Structures are given as C-alpha cells and as structure tokens.
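So, here's a batch of structures to check.
In what comes next, chain A is part of two complexes: it sits with chain B in the first one and with chain C in the second one.
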Partner chain A sequence: MRSSLIARLGVALLLAAVPLLQSNAYWVHIFSLALIGVILAFSQQLLVGMAGIVSLGQGAFYGIGAYTAASLAISFHVPFVLAIVAGGLLAGLSSLLLIPIVRLKGSSLAVATLGFAIIVHLVMLNEDWLTGGSIGMIDIPAPTLFGFSLGGEKALYYICLITAAAVFLAFDRIAHSRFGRALTAISQDEEAARASGINIAVYKSKCFLVAAIASGIAGGLYAFHSRYLNPNDFDFQKSIDILIMVVIGGIRSLPGAALGAAIVVLIPELLRASGEFRLLLFGVMVIVFAGAGSKGLSGILVDLVKYIAQHGQRWLLQKPWTARL
Partner chain B sequence: MSTLLDISGLSRRFGGLVAVGDVGMEVAAGSVHGLIGPNGAGKTTMLNLISGHLASSAGKIQFDGSDITRWPVDRRARFGIRRTFQNLRLFREMTVLENIMVGMHGQTHCEIWHALLRSPQQQAEETAITERAREALDFVGLAHLADMQAGALPYGSQRLVEIARAIVARPKLLLLDEPAAGLNGAESQRMVDLIRMIRASGVTVLLVEHHMDVVMPSCDCITVLNYGRRLANGSPAEIRAHPEVIKAYLGGRLKRRAKPTQSSQPEAAHASP
Partner chain C sequence: MTIDQLVQTTLGGLAIGCIYSLIALGISMIIRATDILHFAQGEMLMIGSMAGLSSFWLQGMPFWLVLLAGVLGGGLVSMLVEVVVYRTLRLRRVSAINIMIATLGVSIVLQNVARLVWGSEPLRYPTLFASGGVKFAGFTVSPQLIWIVLLSGLIMGVLILFFRFTRLGIAMQAAAQDPDVAQLMGISVDRTTTYTFAISGMMAGAAGVLLGSLFFASFNMGFLTGIKAFVAATLGGLGSIAGAMIGGLIFGLIETFSGTLISTAYKDAVGMVVLIAILLFMPTGLLTRGGREV
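This part shows the complex of A and B:
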C-alpha cells in the first residue's frame, strides 16, 4: 500500500516536471494531448478491463463532451471548468441511449456501440445549426479562471494532468469497491454474477455512464486545448484508437491504459521524421504490442521487473554460499 | 415445520421435449431436501427453474410467502435463493476472498459515489463485507487460501469456494447442484458434514446429487424424478424401500442396502412410462 503510494507520487512529480524539462510549446501541446488520451484510455479500461465490454463508441462521448463545452464557451461564455463538467454530464446523459442495447454481449454489443459512434459523427457533420457542420466549431475562447488567462500551453498541461490524476484516483477507488467487484464478476461469469444478486443490465448501464462522463470530460479538455473542433476529430477511427490504447497497454490495468495512450499519441509524433512510413510503422508496433496478450506492454514491464528482482535476489542470496571457502 | 418452497404443476418444455412435467414439491424450512433421479431425469432443469436461470413453461413457484415464478435470477438471489453450479462457475481471475465478497452484493448498498468519496458508510460496509467473507471461508475450511486466485485452486477447493460464495449472505435456501461430483470418498464425507453444518446454521438446502453416500445420510426428505416426472417423495428410508424407485433408478445397488418397512408407505406420484 505504502510502496504504491510512493510510486504514484513519484509518477505525479515526474509528470509535473515534464513541461520544465521540455518547454518547447509544441511538445507541451502534444503532451497535453497525450494526457487527454490517458483519460480516454481510462474510460475504455473501465469498460473493457473491468466489465469486459468492448466499446467502439468512446470517441462519440468524447465528441459530445467537446462540442458541449465548446458551444457553452462560445455562445454563453460559460467558465471553462463548468463547460468541461457540462460536457462530461451531457456525454453521460447521452450514454443512457445505450440502455436498450446493454443486454447484448461481446461482438454484438461492440458493433452496436460502433453504430452509435457513426450516428453521432453524422450529426456533427450534418447538423450545421447545432455543430457548425463540416466547418466545425471555431473561436473557442481561451480558458480563464478568476479573470486570469490560462491559455498558455503549460497551464493547460497542468489542467489536463490534474484531471487525469483525478480520473485515475476515482477509477482506482471504483475498482476496489462493491461496484468494481460487481463489474469484474460480470466480466468473468455473467450467470454466476446474476446468481449472486447482480442485475447485469443495470450494472453495464452504470459502467457506460461513468465511462461516458470521463470521455466527455476529456472532450471538454480537448475543446479548450485545440480551440477548434472538426467533426473528423471524432469519427469512429477515434473510438478504435482508444481501444488500441487499452489493448496494447494492458487490459485490466489503469497504469497500462495510461502507457498505451502515451504510445498511441506520442509515437506517431516521434515518427514524424519517417514521413509516409510513420503510420505503417505505427501499425506494425500495434501488432507487436498486441502480441503480448491481454497483459499488454505494462504486463511485460511488470514481469521484467519481477524477473530482475527475483534473479537479483537469488544472486545476492547465493553469492556467499557459492563462494567456495 | 413450515414450508419454505412450494412448487406446484411446474413444467418446462424444450421444443417437443418435456424436461420437467407437472412436478409438485414442498421443501420444509430448515430441512435438507434431496432431489435425485437417473441421468436426464430433469434434476438440474428443476434447479434452474427454482433459481430462475430457466423460465418455466407452466406452474407456480411459491417461496417464503411470495410468488416468484416470474422473478429474474438476481432478484431471487437477493430475496434469499442462492446456488452452486454443476460445472463450477467461479470468478476465476479474482481472488478467493473477492469471489466470496461478490456473494454479499445483494445484502450491501453502497453506490459509486460512496466509493468515490470513501464515505464512512462505505468504509464500514467494506470492512463488514470482508469480515463476513472471511467467516464464510473459515466455515468451509479454506481460510488459508483467501488471497489465492480462484481459478488456480484444485477442483475440490473450488467447489468449497462456490459454496462459501453462496452462503456468505445467509440465504434462506441454498441450491446445491451435484456438490460431490468429482470428489473422492473422504472429500464426499466432508461434504456431508458441511451440508449438515449449513443446515445447522439455519439455511434450508435443496440437494441434487448422484452419490447416494452423500444423499442418504444428509437428507431429511427426498424427491425422486424420472423422465421429468415426480416418481416418489419421502424420507431416505422410504425412498430406499420404494419399489418404483428401485425399479426405475436405484436397482440392485440399493436393494442390498434397503431395509423395507411396511409401516411407511411413500406415495407414488407418477409411474414411470
């Protein structure tokens, strides 16, 4: 318990130091985007890792959050914190539209959420009066707090970091609660979960709700991060990217999801120099990482650390005895 | 003794096949009630109808004063009907203790926001759940395995974990589906002892089992099914002596051990075809 607290504080300090180590505005901008990706990956992890639900609709909730926050900020000058919260709430509210389909299982449910993502994207693309159509949303004001502008890349990075940390803590608490246990039970054996008194449909709906709120909040952050929304930022490709983050990072692990998100956002940027090949290289990496199985990259790292610890210990223990006197 | 479970005219058809046909049965509160019969007699179907995993085609299930015939599985579970499965259904990747903690789901109430805020109420509930789960684990004799991954346990221990998960919430009725399947002689004997302990703790048990060395010593009353129909109902001694039962199912094996008593005449509800 204590060691995990130290590890968390260490990671938090490291992430807080990032803009000081690399103060190039472009890179800080990209790091903020990675943190938004981390929140999205957390929301997918709640669905896939805990409840065993593959959602291909998280990009839609992300978009709903972004458009809500942008509209409120542009039309009603709503303060950015409230706009982001509203984005999360409306995304959560829209997840209730999925209630009729939560009884589906496996690939049927995944395809149904994909349908939802396609519909939401079409609304963004075609309902000009509401979403600005294919032009999107422009002139999103810079975030301000108590009259101070928070428009700088660094300020926004810290806003994203605090939000991501809050979502991590919230989901970590959920994982070790009655709600989290019920979701895990559902993912392992639905019949046994029902026989233990768990209402499957209610719990799957609640899981979608919580995950959609997190995705919506990520969307709100994105609106203020990018200050311009294009409907194609929220097509179903986005939903698939979010799923890739969790699968390569490691299913069932929140740190794994964060790692996966960092890879999915940062690697294409790092590979920019390789031009046309960067997406190809990215694709190959995804296949390699997915080859690690459900443990993902985080699982491999944990195994590696364990291996080193074990062998290091054996080496230390054996040393005096193997030395022949 | 009052009647806890009262089943009348219960039927379940699969297409043209009658898996369970017009079966009536009463389970007395505080008893261990056996449900036996040859393979394919409809025992597990009966259990699934009572737990709600199957919907009935006709008939009525009255439980503890309520008509539960149309209730879904989870509602019946929260109302006090818990079960184990013939083919083990553990949450394999959770720890043994977590498996049993899930069994407390219906008796606990803390919602998501309690967990997010770590409210005192939620903390107290978590402590209570953990304590109860450890008690249940101790009850089945697996206290030392609490932190093991459930799927990694040997078969016999997994059965016990399933039973602990089912009784942790102190249900009114426990449905056991072949708890002694795959157990050796010594383990079967321990299962008999455990079933007696469960009854002593105030839980009524409905036991589906093939092993007569488990059924006969642990049951107060036995219902025999054959081809989905009720063949007989009575005490273990009566069932042993019942000519229809001996003919249909138990055959020579029990005839040797049977001690016929003329005084008690068990009813023959339906003759086998």
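This part shows the complex of A and C:
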C-alpha cells in the first residue's frame, strides 16, 4: 500500500515538473491535451474495464460538456470552475437519455451508443442558435480565478493536471467501493450478479452517469484549453479514439488507461516529422499494441519490471566468480 | 409528395440500401465465423472502388471488367488482412475487444495507404451506365439506380445459392455454427475463415464500384459507409444473413426518405433513432441467428 502511495506521489511530482523540463508553449499545450485525454480514458475505463460495457459514445458527452462550459462562459460570464462543473453535470444529465438502452448487451449496446454519438454530433453541427453550427464557438474567454488570469499554457496545464489527479483518485475509490465491486461482478457474469441481488440496469445506468460526468468535465477543460470549439472535434471518431486509448493501454487498470491516452495523443505529434506517413504509422502501432495482449501496454510494462526485478536480483545475488563464468 | 417522387425516392433508397446490404452481409458473415466486429469492412469498399477506377484508367475497360477489378481488389485485400493480421492475433489468443481495436487500426492503415496511392482529392468516376432516363412502368427513372439494384440482387442471390448448394458454402456455414465440430468433420476452419473474409471483401468491393459510380471515389469514402452498414447489420440482427440484407434495405430507405421528407442535415440521425427504437423492442435486432451469442 505504502509503495503504491510513493509511486503515485512520484508520478504526480514528475508530471508537475513536465512544464519546467519542456517549457516550449506548443508542447505544454499538447501535454495539457494529453491530460484531457487521460480523463476521457478514465471515463471509458470505468465502462469497459470495470463494467464490461463497450461504449462508442463518450465523445458525445465530451462535446456536451465542452459546449455547455463554452456557452456559459461566453453568454453569462460564468467563472470557469463553475462552467466546467456545469459541463460535467449536463453531460451526466444527458447520459440519463441512455437509460432505455442500458439493458442491451455487447455489440448491440456498442452500436446503440454509437448511434447516440452520431445524433449528438449532428445536433452540434446543425443547430446554429445553440452551438454556432459548423462554424463552432469562438472567443471563449480565458479562465480567471479571483481576478488572476489563468490563460497561460502552464497555468492551464496545472489545471488539467489537478483535475486529472482528482478524477483518478475518485475513480480509484470507486474501484474499491461496493459500487465498483458490483460493476466488476456484472462484467464477469451478469446472471450471477443478478442472482446476488445486484440491479443490473440501475448499476449500468449509474456507471454511464459517472463516466459521462467525467467526460463532460474533460470537455469543459477542453473548451478553455483550445478556446475554440468545432463540432467535428466531437464526432464519432473521437469516441472511437477514446476506446482505442483504453484498450491499447490496458483495460483493467486506470494507470493503463492513462498510458493509452498519452500514447494516442502524443504519438501522432511525435510522428509529425514523418509527414504523410504519420497516420499510417499510427495505424500500424494501434494494431501492434492491440495485438500485444489483453493486459495492454501497462501489463507488458509491469511484467517487464517484474522480470527485471527478479532476474536482476538473481544476477546481483550471484557470487562474482560464478557470474564471470 | 407525388407518385413520381415516391417512385424516385424509393428507387434511390433501394439502391443505396443494396450497397449497405452488400457491406452488412460481409460484416455479418465475419461475425458468424469469427466473432470479430469488423470495423474495417468499409475500407474494403473503398479499396474496391479505387481498384475499379484504376483498371478503368489503365485500359478504359468495359463496365463489367471494372466491376470485376473492384471485386478482386476488395477480396484480395480482405483476405490479406485476415491472413496477416487477424489470424496472427487469434493465434496469440488476444481478446475480442483487442481484435476489434485492431480492425480500427487496419482501417486507419488502409485509408492512409489509399491516400498515399490515390491522393486525397475525391476522384471522378466514369459514367459506367448509359445516362438519361429510362421508361419503367410509366415512370422515367435513372438507369444507374436500376443497375445497382439488379446487380446487387444478383450478387446476393449467387451468395445464397453458394451457401445452400456448394460444398464450400456448406462447409463455411458448418464452421461458423460450431468450429470445433466442423474441425472434427474434416473441415479446415482456418481455410473457411479465409474464404469468409475473401467473399465478404469481394462483396464490399462490388459495392465500392457501384457506390463510386453514383458519386465519387475517395480515400475516406469507406469508414462512414462501413459504420452505417454496421448499424444496418445490427438493425437486421448481427450475424443473421437475411437480417443483414433486410437491415441494409430498410436503412437505405429510411435514410433516403428522411432526407427528402424531414431534412438532409438530419437524415443520418433518423436512421439512428430508428435503430435505437428497434433495439429497444427487439434487443437482438429484427432477425436473430440461432446458436452462440454475439
């Protein structure tokens, strides 16, 4: 337990130091985007990793959160923290629309959530009075807190980092709560879970609700991060990207989801030098990582560390003369 | 809406529906045989469309050879992807959701390869059919749409005959129903799976040539069409062959009619609403296949 606490603090410190190590404004901007991706991946991890629900609709909640926060900030000058919270809440509220379809299973549920994402994207694209239509929303004010402007790339990075850390802690608690255990039970065997007195529909709906709130908060952050919203940032492709993050990172763990999000956001940026081949290489990587096994990249890394720990120890414990042989 | 408009819209809906049916059939066949949700099926349509167009550029071939080139292109790429990627993953016992993500990776790769080869601009398809209206039961209709409906119907008919009357077709059905028992009966399940991918790729390739001849060919024409075909297959019942055909036709008709009656901007949304409504009352789609759960 203590070692995991130390590891968490270490990772937090490392992430906090990132803008100091790489102070180029463009890269800090991209790192913030990666942290927003991490929050989205957490929300998908709750659905797919814990409850076994494949959702292809998280991009819709992300968009709802972003547009809500942006409209409140533009039209009513709502402070940014409140606007982001409101984005999360409205996204959560809209997830209640999914209640009728939660009783579907497997691929039918996935395709139904995809349908939901397509509908929400079309609304964003076509309802000019609400979302600015295909032009999108411009002039989103910079976030301010107690009169101080937080519009700089570094300040935004820390806002994203704090939010991502908070979502991580909250979801980590959920994983170890009664609710989390019930979700795991549902993912393993729905009938057995039902027989143990778990109300499947209620738990699945709650799971969608929590995941949608997290995605909505990520959307709110994105609105203040990019300060311009385009409906095509929230199409079904986004939902698919979010699922890719979790699966290549490792379905069963939150750190795995975070790793996957970092890969999906950062690798295309790192590959920018390869020009036309950028997305081609990215596609090949998705195939390779998906084929790496069900534990994902994080699982492979953990195995590697264990292997090195075991064999390194043996190597260190060997007497010098046997090692020489 | 006048009678004439009704006939035109229905024909347009049937034509686009037939194209969805051809792709949805492939998706359903692959799910039956391997339990893979094949998100790259739309890319086979794109490859077929591009292959057909290239053969036209090379030789100025007649229409049926362009169609053949599309069929071969789609079939070959689909088979290649199965042998190189999916079979490797299955041998590694990778879980179903990882294979699904790999299909998305395959889709990204194929799109970008196509962009490198054929460029990112939409390419004009040659007029493959005689333009100008044809009199049909008193209505002037586009011959192109009639050809698409007839050819798709022919392809699907051949597929049904193939499944019912040939040794290979029956072996493929057996392997899809119960791979272990089929293996015991001396059917090579690896081979039937490869053929399943080949045939579904061929149908998607044919759909690509037909769709290209209606609009344009471009590197990103496949993905959204594939997603819609996926919805159509779910509508009809994932894994059911008849369901895929009916689902595709219904989805095409809904899309075209809501495009003319309600609004073009929301024509995709109407299809999705119908999908969700049908799933609410029939959680497994209109027609279900027996046996394993998908």
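Just so it is clear, the second predicted complex is superposed on the first by the 315 of 325 C-alpha atoms of A that agree within 3 Å, B and C clash if a C-alpha of one lies under 4 Å from a C-alpha of the other, contacts with A are read in each partner's own complex, and residues count from 1 in each chain.
The rule is simple: a contact is a pair of C-beta atoms (placed from the backbone, for glycine too) under 8 Å apart; a residue touches a chain by one contact, two chains touch by 3 or more.
Since we're looking at a predicted model, the values are computed, not measured.
Annotation: superposed three-chain arrangement on chain A; chain B versus chain C shows no clash, the two fitting side by side.
A count of residues in chain A touched by chain B and by chain C gives the higher number to C. Contacts of A:283 after superposition on the shared chain: chain C is touched, whereas chain B is not.
Rounded to the nearest 10, the angle at the Cα centre of chain A between the centres of chain B and chain C is 80 degrees.
Once chain A of one complex is fitted onto chain A of the other, the partner contacts of A:306 are absent, as it touches neither chain B nor chain C.
Legend: residue contacts after superposition of the two complexes on their common chain; A:196 is shown touching chain B, with no touch to chain C. Of the two partner chains placed by superposition, only chain B is touched by A:210; chain C is not. Once the two complexes are laid over each other on the shared chain, residue contacts for A:77 go to neither chain B nor chain C. When the two complexes are overlaid on their common chain A, residue A:178 makes contact with chain B while staying clear of chain C.
Per the superposed model, the minimal spacing between any CA atom of chain B and any CA atom of chain C is 14 Å. Overlap of the chain B and chain C contact sets on chain A: empty, with no shared residue. On the side of chain A, the complex with chain B involves touching residues 170, 173-174, 176-182, 184-185, 188-189, 191-200, 206, 210. Interface of chain A with chain C (complex): residues 48, 54, 100-101, 103-108, 110-112, 114-116, 118-119, 122-123, 125-126, 236, 240, 243-244, 247-248, 251, 276-277, 279-280, 282-287, 290-291, 293-294. In the complex of the two chains, the chain B residues touching chain A come out as 51, 53, 72-75, 77-78, 82-83, 85, 89-94, 98, 101-103, 105-108, 110-112, 114-116, 118, 122, 125-126, 129, 165-166, 169. Listed in rising order, the residues of chain C touching chain A in the complex are 31, 37, 85, 88-89, 92, 94-95, 97-102, 104-109, 111-113, 115-116, 227, 230-231, 234, 238, 265-266, 268-269, 272-273, 275-276, 279-280, 283-285, 293-294.
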